[in-house]
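Shared between the two complexes below is chain A, which has chain B as its partner in the first and chain C in the second.
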Partner chain A sequence: MRIVANREELYRGLQRLGGVVSSGTQQPLYRHVKMEAGDEGLRISATDLEVGLTLKVDGVQVEEAGTVLLPHARISPVLGATPDESVTLADADGAVVIEAENSRFRILGEDPASFPDLGELPEDGIVEVDPDVLQYMVRRTVFATADEKGRYALHGVLCVLGKEDTFELVAADGARLAHVRKKASNPAGVEGEFIIMREGLEQMGRLAEYGKEPVHFGVLENRLVAQNDAGRLVCQLIEGQFPNFREVIPTESKINIQLGTQALFSAVRRASYVTTQETRVVNFEFTTGELQITAEAADVGQAELKMPVEYDGEPASIAFNPEYIEDVLAIVERETVKMRFTDRRSPCVLKSGLDYTYVVSPVILEEPET
Partner chain B sequence: MAIHILPSNLANKIAAGEVIERPSSVVKELVENSLDAGAGRIELELEDGGARLIRVVDDGCGMDADDLALAFAGHATSKLTDEEDLFDITTMGFRGEALASIGAVSHARIVSRTPPSDSGHEVEVEDGVISPVKACGAPVGTQVEVRNLFYNVPVRKKFLKTTATEMAHITEAVTRLALVRPDIHFVLKHNGRRVFNLPPAADRAQRIGEFFGREVADNLIPLAGREPELEIEGFLLPPSIDRRNTRMQYTFVNGRYVRNKTLMHAIAEAYRQLMTSARRPVCFLFLTLPPRQVDVNVHPTKLEVRFRRPREVHQQVLGAMRDCLRQARITPQVALAEPEPDPARESVRRAIGDFFAGQSEASSQGARPGPGGSGAPGRAPAAQPRHEVRFGNCMQVLDSFIIEEVADGLNIIDQHALHERILYNKTKPRLAEGPLNSQQLLVPDVVELPKQEFFAVMDLQEDLARFGLEMESFGDRSVIVRSFPQILGNFDAKSFFEELLAELEGPRGARKVDGRLEKILQLMACRAAVKAGQRLSPRQLRDLLEQRAEAGESGNCPHGRPTTIHLSRAELDRKFHRT
Partner chain C sequence: MAEERVIIHVDMDAFFAAIEQRDNPPLRGRPVVVGADPQGGKGRGVVSTCSYEAREYGIHSAQPISRAYRLCPDAVFLPVDGEKYGRESRRIRHIFREFTPQVQPISIDEAFLDVTGSLRLFGGKRALARKLQRRIEQETHLTASLGVAPCKLVAKIASDLEKPRGLVIVEPEEIEAFLRPLPVKVLPGVGPRMRQSLARLGIRTIAHLADYPRESLRERFGDHGENLWSKAHGIDESPVATGGEAKSIGHEHTFGTDTDNWPEVRATLMWLCEKTARRLRKAEKRGFTVTTKIRFEDFTTLTRQQTLEFPVREATEIYAAAVRNLQEGYEAGRKLRLIGVTVSGLIGAREWKPKGRQSSLFEHAPAEASDDIHRRIARAEDAVKDRFGEDALRRGASYSPQRRAENKREEP
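Let's turn to the complex of A and B:
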């Protein structure tokens, strides 16, 4: 292999792969980057075994086709720190020589054949989604996934392909759930659902961000393959039981209120300053025309914030973990959100637009007010 | 089968001692007798965790009037005749002592009929007096009824735990027997409700699934090995399905459940590099060896056995397990298609990896951002230099400790131990005021547990409610968790229960409510606290240090480990030979 590369482009590509390079120590192989130079230019790939990513690198002249496998942690800083605009990479006896005007590095590589085959986009059942729509959907759901230790299926995001081109993503961590519903071109009429790992979906959102064209994706056996002009992503699907999200979203609630997103976010954030790990609770109290948000921790103090709201029903209250409310308010762009709930013990729904629903379970306090 | 009194010299050779400790011991002895009698179906009926009634009904060979007359007499056995036999035991029972021991601490009755006879007979023992044998109508087989266990042993009676705990022990006892004999139909009823009904199973794997649930059943890796004097079969579980203790290591020797050091050690050894030291593997091993190669008469409960050649057994079991794991490719989990590793390359690769790993520190120190180049300063995301996390004159080191400069030296704080102590101290008084804040779950978590753990967990229902953990039983083996203590942040019910049971199981087992609450509190504080190895955010560091006053005078975490070590100036001087 011999290539002349725009250093900045190549370095950017390597940094983007950084997210899927395994940081574990057990298998050095998965800390490597495969560089493949051929007729179509340079492609670089990395995998941590659960997610695999291949990216095209622009600004590369291939002088001699070939493939090398290099440790990411070596090659990436070398390229990052090289001041020159272009660099030459050439393989020599299992190593790669990186040359710029005043520098020459020789980095030992591995046998590229030991890098796993990341697979191709399946031939049938391809769904096509607009890159902005995909990013929007990912941003609205991934934050609500459960961390790895808990219920395994909840560490992923449920993707549902339905009739009339609907495409839904659902994430939940037991105490909350985020659901977004959009359209994706689905000419084959694929219907069904699968759970994609959080990290995989995040990378899929990034792929949409790197490219300009729609993202095409399909499921092959137990993995998802997504592809656009920027590259290709392969991700393991999670086998497991995802809770029935339709049952979790309450259909009707007694109390329905519209709230200013920014004002609510700021009030919850400020109230949370007096919460502690043992009392991570903010209490919402609605009375005619007013929402009062309070928080209290025995060893810190109290907070009390008021905001005007359009409400004239019976006084009502509910308490939440402030993080659950902040998380969602931080990502919705609309000026108002709709909040609805029935009582202190049942789930509360926050809605932003027609396509986004967030459900959060309340915290039951020591002495529920009557 | 004729029962005869053992010659007394033989009787003496057999270790004496208490066989009957609790209802589950009775269940074990009675079911073993039914198995020895060649039963195909064994039905158990219990009332109040066995304290009020234990009834075992089998369809085995039964006893005639003469046998019945001797059944409750000590050292009456049909299974062993002379001293030599003791070294050639093929039945579960051989001591001729179980029924006598049971009869001595309960009101017991046996109704039995042998297949050739047209009617049955019965015998009773009440207040130590054995009644004459009477004829009566009965189906073929034997029914043993044990009522009011320990009515005359107040100490034991008093120490019977709750019904749920006793049921957990009983289920465990039945599990051990039912795993050995999947061909036998077992039915267990408690207070009129059926706990389980296990028709003869196709194989052991099916039985294991019936007791331990899908997760275990779906991951069984069959093991088989044959040596001239030892046959091993069973199942191993991958390291991902692990436990905090060795309770889920089921080992059987010649059809008998045993706990044996040689075997435990071989198991630990086989999994040694596959899991962290705090976790224990799960496996089911069934060993068959000539009866002469094992001594089962070590302890009256027969739970312990001694191998005549422990070294060989150890080696052979370990070898079989290693082969099995290797064949199942139990190495770090691999998901995407991976090419066959070439052993020669593998070692080269490792050598290179190790070489770089050793170099990394030196090279990252030497790295400098490029002089005003066009790109961002060179920094690979994977090799980011760590940021210092400081607060005032404190700094986190090794992601686990905090070093603080004080007037006369240094304090070294264990972040986990300190946080644990703070949470413990803050939560304890709150408990007295009412239940802790409880995060409702949007999707209740249904946790499937092994039977015996299920009973033990349900036994803690009320205690856990005080911590804000609401749950109820679901079916006969699952628990639905509806809310969890908010203090825990992230909650994984399954591992929580597992740790809790391990914690409560200890020798100082918590019989009293206070003891239990204390243990739960300790566990909650431990799980909610920052972990060793966790990089703190500057805010976390500040919060932790600001709350230090809450830790009070105590320099120890609730488990008794120190939270802070002080290194005085004088000590440092001495170490550096400055004096």
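Let's turn to the complex of A and C:
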């Protein structure tokens, strides 16, 4: 292999692979980057066994086709710190020589044949989604996945393909759920559900961001393959039972209120300053024309914030973990959100637009024992 | 640097068996096994302790009693006399307090002593340790093995090396040299499973572990991996905790026959949770961590635990966590021999001032208007049991015809 590469483009590609390269020391193979130079230019790949990513690198002249396998942790900083605009990479006896005007590195590689085959986009059942729509959907769901141990299916995001081109993503941990519904061109009429690992879906969103064209994806056995002009992603699906999300979204609520997104975010954030790890609670109290948000921790103090709201029903209250409210308000773009709930013990719904629903289970305050 | 500590780990030699031999001279010099009833080789419990004579036949503690019986049918098999051993244990603790007020009993026959403050009085650590060993022997006619080191971890390992009547002193500068040649299994937290996982990485001795990159251990095993690495370097700053109160409360049960009958397992688990909950209430405690112990028919044993956001106390709360643990650890197709439940991370029930509990989207039980109901049920349960005994009342969910048929055999 021999290539002349725009250093910045190549370095950017390597950085993008960084999220997929395993940082562990026990499996050296998964800390390597495969570089394939051929007729179509340069492609670089990395995998941590669960997620695999191949990216095209622009600005590369291939002088001699070939494939090498190099340690990401070495090659990436070398290219990052090289000041030159272009660099030459050439393989020589299992190593790669990286040359720029005033520098020459020889980095030892591994046998490229040992890198696993990441797989191709399946031929049938391909779904096509607009890159902006995909990024929108990913951003609205991944944050709500569960990260601690427990229900393994909740580490992932449920992807539902339905009739009439509907495409839904659902993420949940034990206490909240995020659901977004959009359209994706589905000419084969594929219907079904699968669970994508959180990390895989994040990379899928990034792939949409790197490219300009729609993302095509399909499921083959237990893997999802997604592809666009920027590259290709392969991700293991999670086997497991995702809870029935439709059941936990309340259909009707007694109390319905519209709130300013920014004002609410700011009030919750400020109230949370007096909460502690042990008492992550903010209390919402609605009275005619006003929402009062309070928080209190015995060893810190109290906070009390007021904001005007259009409300004229019976006084009502509900309490939340402030993080669960901040998380969602931080990502919705609309100026207002709709909040609805029935009582202090039942799930509360926050809606932004018609396509996005967020359900959060309240914190139930109980009296200390006597 | 902090003042160098001197910690002694005292471990009584073959404690239960030694007491029996002391009190019954014809047993001296004979293999004595204290534990479950061997029932002519059909018994199902385990060996609690055995005398050194019995160890020559390959018998050891935690071994199935049936196997011990096969190894030496002529041994004297005795039941566990908890009350008697408890009495001896208290006598020995009194002796400890002649040497230091900082005593942490860790079981009926083991304790840590921080003697840093008493060294001058007794003329140094060796003199103090010898004197302590002699005092125990004179007073109780039982022998103890001692490990002396700057931390609990090393002291505990040291006490085990020259049993019986051992005294091993590890100076601060000798810690690494002392630990390195030992197999990893001597470290607390390295059970058979962990040992296998480590062996796969080529880690067999503490030296291997100490030289392994800390980050890699962390990646592979999480915090536990990092802790092990610290232990391999002899780093252990945990203090000798003198509270003396129970650290955990729990119960376990050996099934009459190995079972994969899920309703029976669930019912038994609920029954253990009820018993545990009742003891928690009596002790006025709540606990943050619920641990479930699972032993399969081939005696492989594992534990699964979870730490909760709020400290539990009621049977149903403990059960909810315990059953999740069980599901996580259970391997389909294998029969269970024993299950156990422990609640740890205890705090006084009155110390816990609840500020609210995050309700769950998918599991509605705790979110329903039921907290008060559970509390009232528990109160009623206590009232009935206090008056009519532990078997007077139970939840339908903990009723198991199998267990009833076995007539409630439990491991000690």
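Note that in this section the second predicted complex is superposed on the first by the 366 of 370 C-alpha atoms of A that agree within 3 Å, B and C clash if a C-alpha of one lies under 4 Å from a C-alpha of the other, contacts with A are read in each partner's own complex, and residues count from 1 in each chain.
Throughout what follows, a contact is a pair of C-beta atoms (placed from the backbone, for glycine too) under 8 Å apart; a residue touches a chain by one contact, two chains touch by 3 or more.
None of the values given here were measured: they were computed from a predicted structure.
Once the complexes are laid over each other on chain A, chain B and chain C cannot both fit and instead clash. After overlaying the two complexes on the shared chain, residue contacts for A:Ala175 are found with chain B and with chain C alike. In the superposition on chain A, A:Glu193 makes contact with neither chain B nor chain C.
For chain A, the partner with contacts to more residues, out of chain B and chain C, is B. In the superposition on chain A, A:Glu213 contacts neither chain B nor chain C. In the superposition on chain A, A:Glu63 makes contact with neither chain B nor chain C.
When the shared chain is aligned, no partner comes close enough to touch A:Glu239: not chain B, not chain C.
Of the two partner chains placed by superposition, chain B and chain C are both touched by A:Thr279. When the two complexes are overlaid on their common chain A, residue A:Asp299 makes contact with chain B while staying clear of chain C. Among the listed stretches 78-86, 294-302 or 402-410 of chain B, only 294-302 clashes with chain C once the two complexes are superposed.
23, 25-26, 149-150, 172, 174-177, 243, 248, 278-279, 281, 321, 345, 347, 359, 361-367 are the residues of chain A that lie in the contact sets of both chain B and chain C, per the superposition on chain A. On the chain A side of its complex with chain C, the touching residues are 23-26, 149-150, 172, 174-177, 243, 248, 278-279, 281, 296-298, 319, 321, 345, 347, 359, 361-369.
Per the touch definition, chain B reaches chain A in the complex via residues 332-339, 341-342, 345, 349-350, 352-353, 356-357, 360, 367-383, 423, 426-427, 430, 433-443, 445, 468, 483, 486-487, 489-492, 495, 528, 543, 547, 550. Across the complex, chain A meets chain B through its residues 7-8, 11, 14-15, 18-19, 21, 23, 25-29, 31, 47, 49-50, 52, 71-74, 76-85, 108, 110-111, 113-119, 146-147, 149-151, 172, 174-177, 223, 234, 236, 243, 248, 276-281, 299, 321, 345, 347, 359-367. Within the complex, the chain C residues that touch chain A are 201, 213, 215-216, 219-220, 306, 324, 349-350, 352-363, 367-369, 371, 375.
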